[in-house]
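The following blocks contain the structures, represented as structure tokens.
Two complexes are shown next, each including subunit A; its partner changes from subunit B in the first to subunit C in the second.
And then the complex of A and B:
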């Protein structure tokens, strides 16, 4: 290994090394309710009762728990790491405060401090239309601008959504991702709590993003938020979620279910910037159904976690529907990012694009796992898949598992996969112009991420670049 | 003032690539304001020499000296050599996806000046230099060399030179892959940059660039050594008669 590569490893090995200082703190909390560890029907019943849910939801939960018990673990991803999850050691429901606040001043000081440190209130003031802040199992603060309310836009935490708009929730909940879909979707359905519920009326354009922030604070916590977004005909909405957690020596579990429905001519963009600590198992099911001439875009940034298994799915069910998945995964020391996309073409003239970019460093492992399925009726459909992996160091690993099932003729499919290393040649080119090796490396990594960062709202792009820059700077001397 | 008036000089440079010696002891002194050309057939070691002088990690200088204004270049890393005033226009410039020409140039200028250039000054400078080199303004926001044609890459190399204003420019096969119009534009750029405070070392296989950028001295490189040196007329003779006669001369000398 040349000195240049060695140095490169050293400077990148500290990427996100100050996670503990920046995000890894935790609060000593006197919870309003903290259940016992472990999972059973009593726990499920307790959650439903505390939330004063309608009976049909309680029954859904119990049914889902039985499905969870009966389903095997996924047969893909990282079997060894999955086997280490001890479902009996996890807290399934922690309620930090008695009731949610819509006034920042009424949020308890310790929680306020947490979200202040994470920059949430600042972002809300600057450029967001609405904010939801979830702490452990429940949303503790929620607000939306008055003018959005007046347009009939519904943005609630999922628990309130069920209370206030039971008709819509009952109609769509679990229709995109049924409990039977996979073991973790069943688990989420059994113990879900929090998450977002959004309904955008026909023709309404939500011009500012809505954001939810998910914070895990306790050790061995299980966070199971449930999100349902419905964009009615011809409407547009951009939703952003961010996630962090403290650094602990034992693991926590984050297992969300996200369902999106874009009705005719609607547009949904769903942006995720997750920056989990290294003790989080992140096992998430995300799926969208896209109707006639509608568009759904998943913009998915995966930093951190011990193991992430996440494959945002888009079902193009209406003629002319369009889907896009743009994802970045960063796998550092002892991390495995098993991420990808599923694109199901089930109507004529549908089009889709998958762009997956991954960076692996040290012994980190990034896998792209993707499925493209074109049903027989999906004539004149177009698909493009591009996977791009950047390896830093000799132990980094990248795998690609693409599956294509094409049952229709007259379709256009493009697939491209590349693996590259931060090349000495590139470093030399940039250093020959006066940039130090650290600056050159940073420029190359930022350049690699650029197709992703340019899709983020400016504030998030700046934050992401700053995060990387800080870590790289910290490595000098 | 005991320092020699030589601007850039290297002595008895030996270069190895993957354990094989490709440059076998070459020396040259270049004074302020001079233009030198190194010509030679493919594989003669000219590109290896320029890459090694710039500090490419794959080209190891096993012995010799190289100084710019008296400063020992061989003790410096590539970025230090650049900040000391050395520049290499690459034969095959690499693509850096996701990094725009403008962002890259800003970062490079910042490294030279030690601080960020004022944004509006930078834009003005970039716009003017691009216009002089007939580089379309849209290139500022394109990714560096990503999808550029051969000629576009070469122009952007010269653009970098004119922005960074090095004291000593090594131009490695800057004429290759250029059509005649592009060649003239690039040559104009080189001539605009050139003054009596800096110097240029052109490395080229063909004579045609030398019709536009007039060298003071021409050196013929063969098998890792300078076989012959002369004035501009030497380039013309090589153009007419090829390199064979130089090789024969060298062989005859060796036999004597």
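And then the complex of A and C:
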């Protein structure tokens, strides 16, 4: 081997060597109770006891576990990947030694360091109303600005929510997504830990987005957040959930349940940027119930994970209710993003829109799977569904599986889907103006994503564009 | 004949049946394989997406009631109309098929002068055995599914059409497939081979069946296989106007080679319940397939239609336009899949499904699917569901047109765009079928 080639190889081998440090950073952690792998009624009882939960919640958990055992795995979607999940090889509960902190200064240094890299404190100073930063299975830090408190807004981690506002939690927990809904919802109900609990009183407008960062930081550990957001009559709230995760060598399961309730005239927007590392199974159940003249919007970005199956659902149960799902999926090497939306019209004069954008690159596979259901009484309802897919690379795959079930006559339903690659003319146009082909392609992809990115807060949009840039590097040839 | 017991959960085809024991060894082998496949295959679970809207058990029935089937009096009228059409030179030939039992041919001799074969399948097995052996069961067979296997085992006789290389059949060949009255069951089968650079237009009309649910349902399970060889041009119109107490399961598969074109026109008008599956595989470079479907539902009719365009070669193009009009308490479920293989480059595929709902109480489901396995494609689909524009009805009524007539005019306008894309000579013919159906809407 010539010296030149040797040198080149050496420099190549160091390329991305800092990946783990840059994106997959994880600190050595000292677990108070790591429990054992696997799932049974004892584990469930232990979780409930450690959290000092009321008995009704413990019973819910046990009941859910039995449902989990009795439910089959989904018979559709990526059967091969689903078959690889080993439920017995997962930790169902962990918690750091540290107890919940009220003050940022009291947050242990090593956890802070992790958050620093994620940019949380800065984001808080600049922009955020409150931080509910989830580290491992439980919230360790939680702050809330004074003015939020004054307005009567409850923004807690779910465990604290259950302690402090048991009345509300008991009334709404599991009413939107019962344990019987699907296997993973049952699993979550049995072993849930952390997540956010938000209650916005009538007429209150939360002017700053509420935000929580989730992280998984131990090998083979599942996270089962449980989020419940209730927007009382005429209130408005925007919640942002974002994930980054360290790189691991073996598969890990993430299975959250998110329930939203928008009472009359309320507005909820729920923004997610999901960027789990590429060994994680992300099987999430998200559903919203929207009452009279209220609005719910899911803004959903799926960039990471090995397999994501996520179909945010909106049930329009009140007259004049409105629902919107805006989602973006990026499927890179060995990834399968199986995402979509479910829109259930169950009241007159309801309207909804689904916009789905997906990019499949290399051997990545992006699937849109959706359901629009219009019940008989939902007269004068309107639905519009648009799915755009961009394919980059010879082995990229895109699927579209929309289902529309229309049981009412006086409705308007429109569905459109397009699949294409980056157009040669566009590339030619841009390169003839002096852009490199790489830059031109990136520009086109960013343009494709723009309807999504423009809905994100600025720093998220910037972060997303950077992530896409990283993904697109060297995509030619 | 051995009987399948209706109360049995296990509907099985017995091992020894006369219809399986005829013909050459290869045919008996195929029938046996089909029978075995049917007997071991589970009834498809309802959760499976193609079975979400129709209970598969509908198509399990006592096939024995066929013994002495009677046919509707209307059949004579329909046959006479087509015989007149033949006499007047509107069609090239007429084949009538009574429940897959009695196949009669008119005009086949004339076609034979061009080397074109129009015959019963049983006769073709004898006289054109190489062709039949090569093509029969290639697209619809024991592996396709439980009900395709059922046809494969139980078809009695069917129709065979062959057009030699370079030959153009300049007028349509009309096939009249009549189902028997109450409690009858039939397994119609069709095999078509269109040679290189040959041209064929086929009108495949499914009629008859039980007229009254109280007297009993009648059943048909049909299989259609069409091969378009290189540079061939094939047009296939499937007119389904079966009677109101008829249940139909039909699987159509076509495969077209390099440079070939295929026009498929499914007209789903009749039957109480029908599940029809139309699929074209674009198997050679430059192949082109168009599908124009029209569906009119009224009363308690239930339609479950699938279309498939499978791109298996480079530079292939496909287009589907499937229009649905529903009235009374009718229900339509449409599932359309476009699949583009990884090694099929620079393909174009379009699909459109529009649903017009004429009154409350109807139900329309649409599932337009895409599976795209490479980047070098242009592909889109669209679906709409909506009511009639009340303003249009008002506009027409204000001009003294009666409401029913106004609705008919609006429906005609809705399907007109599709009819306009059909070639001239066929348009008139299809227009007549559509007009006849509209009269009953």
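By definition in this document, the second predicted complex is superposed on the first by the 447 of 477 C-alpha atoms of A that agree within 3 Å, B and C clash if a C-alpha of one lies under 4 Å from a C-alpha of the other, contacts with A are read in each partner's own complex, and residues count from 1 in each chain.
Here is the rule we use: a residue touches a chain if its C-beta (ideal position, glycine included) is under 8 Å from a C-beta of that chain, and two chains touch if they have at least 3 such contacts.
Predicted, not measured: the structure shown is a model, and the values here were computed from it.
Student: When the two structures are laid over each other on subunit A, do subunit B and subunit C clash or fit?
Tutor: Aligned through their shared chain, the two binders fit side by side on subunit A.
Student: For A:408, is the partner it touches subunit B (first), subunit C (second), both, or none of the two (neither)?
Tutor: A:408 contacts subunit C only, not subunit B.
Student: Touching A:435, do we find subunit B (first), subunit C (second), both, or neither?
Tutor: first
Student: After the superposition, just quote the angle formed at subunit A by subunit B and subunit C, using C-alpha centres and rounding to the nearest 10°.
Tutor: Reported to the nearest 10, the angle reads 70 degrees.
Student: So, A:448: does it touch subunit B (first), subunit C (second), both, or neither?
Tutor: Only subunit B is touched by A:448; subunit C is not.
Student: Per the contact definition in the header, classify A:397: touching subunit B only (first), subunit C only (second), both, or neither.
Tutor: second
Student: According to the stated criteria, A:425 is in contact with first (subunit B), second (subunit C), both, or neither; which is it?
Tutor: Only subunit B; A:425 stays clear of subunit C.
Student: Please work out whether A:76 is in contact with subunit B alone, subunit C alone, both, or neither, and reply first, second, both or neither.
Tutor: second
Student: After superposing on the shared chain, does subunit C or subunit B touch more subunit A residues?
Tutor: Looking at subunit B versus subunit C, the one contacting more residues of subunit A is C.
Student: Considering only C-alpha atoms, give the closest distance between subunit B and subunit C in the superposition, rounded to the nearest Å.
Tutor: Value for subunit B versus subunit C, nearest C-alpha atoms: 14 Å.
Student: Common interface residues of subunit A with subunit B and subunit C?
Tutor: After superposing on chain A, no subunit A residue contacts both subunit B and subunit C.
Student: Over in the complex, which subunit A residues touch subunit C? Could you list them?
Tutor: Going through subunit A, the ones touching subunit C are 75-76, 376, 389, 391-421.
Student: Please name which positions on subunit B make contact with subunit A in the complex.
Tutor: For this pair, the touching residues of subunit B are 54-58, 77-79, 81-83, 87-88, 90, 93-94, 96-99, 103-104, 107-108, 111-112, 143, 160, 164.
Student: Considering the complex alone, what residue numbers of subunit A touch subunit B?
Tutor: Against subunit B, the touching part of subunit A is residues 2-4, 423-426, 428-437, 439-440, 443-444, 446-451.
Student: Considering only the defined contacts, which subunit C positions touch subunit A in the complex?
Tutor: 45, 47, 49, 342, 355, 357-387
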